[in-house]
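A short worksheet on the structure shown next.
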Amino acid sequence: MDTIALVPNNSLITETPEEGRQLAVKLARLIIKLTQPDEEKRKQLRDVYGNDAMMLIAVGQTVATEFATIAAANNYWQK
Amino acid sequence: MDTIALVPNNSLITETPEEGRQLAVKLARLIIKLTQPDEEKRKQLRDVYGNDAMMLIAVGQTVATEFATIAAANNYWQK
Amino acid sequence: MDTIALVPNNSLITETPEEGRQLAVKLARLIIKLTQPDEEKRKQLRDVYGNDAMMLIAVGQTVATEFATIAAANNYWQK
Amino acid sequence: MDTIALVPNNSLITETPEEGRQLAVKLARLIIKLTQPDEEKRKQLRDVYGNDAMMLIAVGQTVATEFATIAAANNYWQK
Amino acid sequence: MDTIALVPNNSLITETPEEGRQLAVKLARLIIKLTQPDEEKRKQLRDVYGNDAMMLIAVGQTVATEFATIAAANNYWQK
Amino acid sequence: MDTIALVPNNSLITETPEEGRQLAVKLARLIIKLTQPDEEKRKQLRDVYGNDAMMLIAVGQTVATEFATIAAANNYWQK
């Protein structure tokens, strides 16, 4: 099927919440990349949503949903 | 009722997060296929959402929600 | 109050993930039926959302949310 | 503050999934009632969303989210 | 940073589901207040979303999400 | 990759629900900052969504989702 990696390092485990947050952003971006593989078009679309208030909020919603899963996977980084 | 399979292999269990992510994408696509069974129309619609920034973000939101369930089903791939 | 059944068989328990997925689709459709009881109008609206990329994605989001509950109710079909 | 009851019988517990589903619908409607207390206006707005495919899907999303909470509160109606 | 209280009484614990629901509404409103501190503008915007079917549904979605957290915090008000 | 901090103090743990709520707002804002790093453009976009009823509701939805994770991480601030 699709040949790009959808989960960097094939793991949801991170050392810290900060790294977990970065992973959430990457997971969200990789789905966009999978759905629109053309780098040039993605660049144009990034320019669109980076300048549209509603789309920026929607990006935040998607990242928040990804992060919820990552945080649970890491037991909220509690020792 | 509907005769297409909605869950490949009839299982939420995967070996790795990467495969879990691929399953999340498939689950999301199969609902679209169920709702719009016409392959030609789906092809046209894919072209629409692949070039629309807001729709790409919304695809990401749906995949994130599917993935949350799959990740929980796999106990986040923790041994 | 409303007299249509909103949960087929009055149960969230299914034998398999596939049946759980089908139940998620039914639950989502029954809310639409409750909100718009006119069969003819629903038929027209289905034609609308079946041909609209954003709406197809939104259908997927709703089914994903219903499925999350059903999957949890079935303990993710783990023995 | 607001004087309408937002939770019928002040309880999330129901006998069955079907009743839980009906409660989810009621909870969602009561928030709309709280936000738009004018019965006549709500009637007009119901006519709007009952005939709009995207809004019907969005109603389904809201009910699904309410139901997730009710189902968890009832331990998914497992004995 | 921001100086308005975002959580009344600085607690998610309530006596009943009804009070939990009222808290969910307050939490949602306080984020709107934080984002648009001008009382007069908020009044105008309330008039907008109180008369827009899609926005009323979206208000319901946000309250449902807040309530899910409050209900979990109160262990669903069981015994 | 991105060089701004996405999680202040690299922790989801807060003393109180109020601080948890403030953290949820910050997490949401930092994703917007990451996606649109230009301070001047963000200022313009804030003016847009602060005066748009639907966008204000959507901001609330995103904060609610972030807060759900933070509240779980803090075990709902129960001692």
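Which chain is which? They are A, B, C, D, E and F, in the order written, and residues in each are numbered from 1.
We take it that a contact is a pair of C-beta atoms (placed from the backbone, for glycine too) under 8 Å apart; a residue touches a chain by one contact, two chains touch by 3 or more.
Heads up on the chains, UniProt names are A, B, C, D, E, F = Hexameric tyrosine-coordinated heme protein.
Values in this document were obtained by computation on a predicted structure and should not be read as measured data.
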* List every chain that touches both chain A and chain F. => none
* Between chain B and chain E, centroid-to-centroid distance (C-alpha), Å -> 31
* What whole-Å value do you get for the distance between chain A and chain C if each is reduced to the mean of its CA atoms? -> 27
* Structure fact -> So, in whole Å, the Cα centroid of chain A is separated from that of chain B by 16
* To do: Any chance you could list the residues of chain D touching two or more other chains?
  => 49, 52, 54, 58-59, 61, 65, 68, 72
* Chains listed in ring sequence, where chain B comes first and chain C follows it -> B, C, D, E, F, A
* Structure fact -> Contacts from chain B onto chain A in the complex sit at residues 16-18, 20-22, 25, 49-54, 56-61, 63-65, 67-68, 71-72, 76-78
* Under the touch definition given earlier, write down the residues of chain C that touch chain D in their complex. => 1-2, 5-7, 10-12, 27-28, 31-32, 34-36, 41, 45-46, 48-49, 52, 54-55, 58-59, 61-62, 65-66, 68-69, 72-73
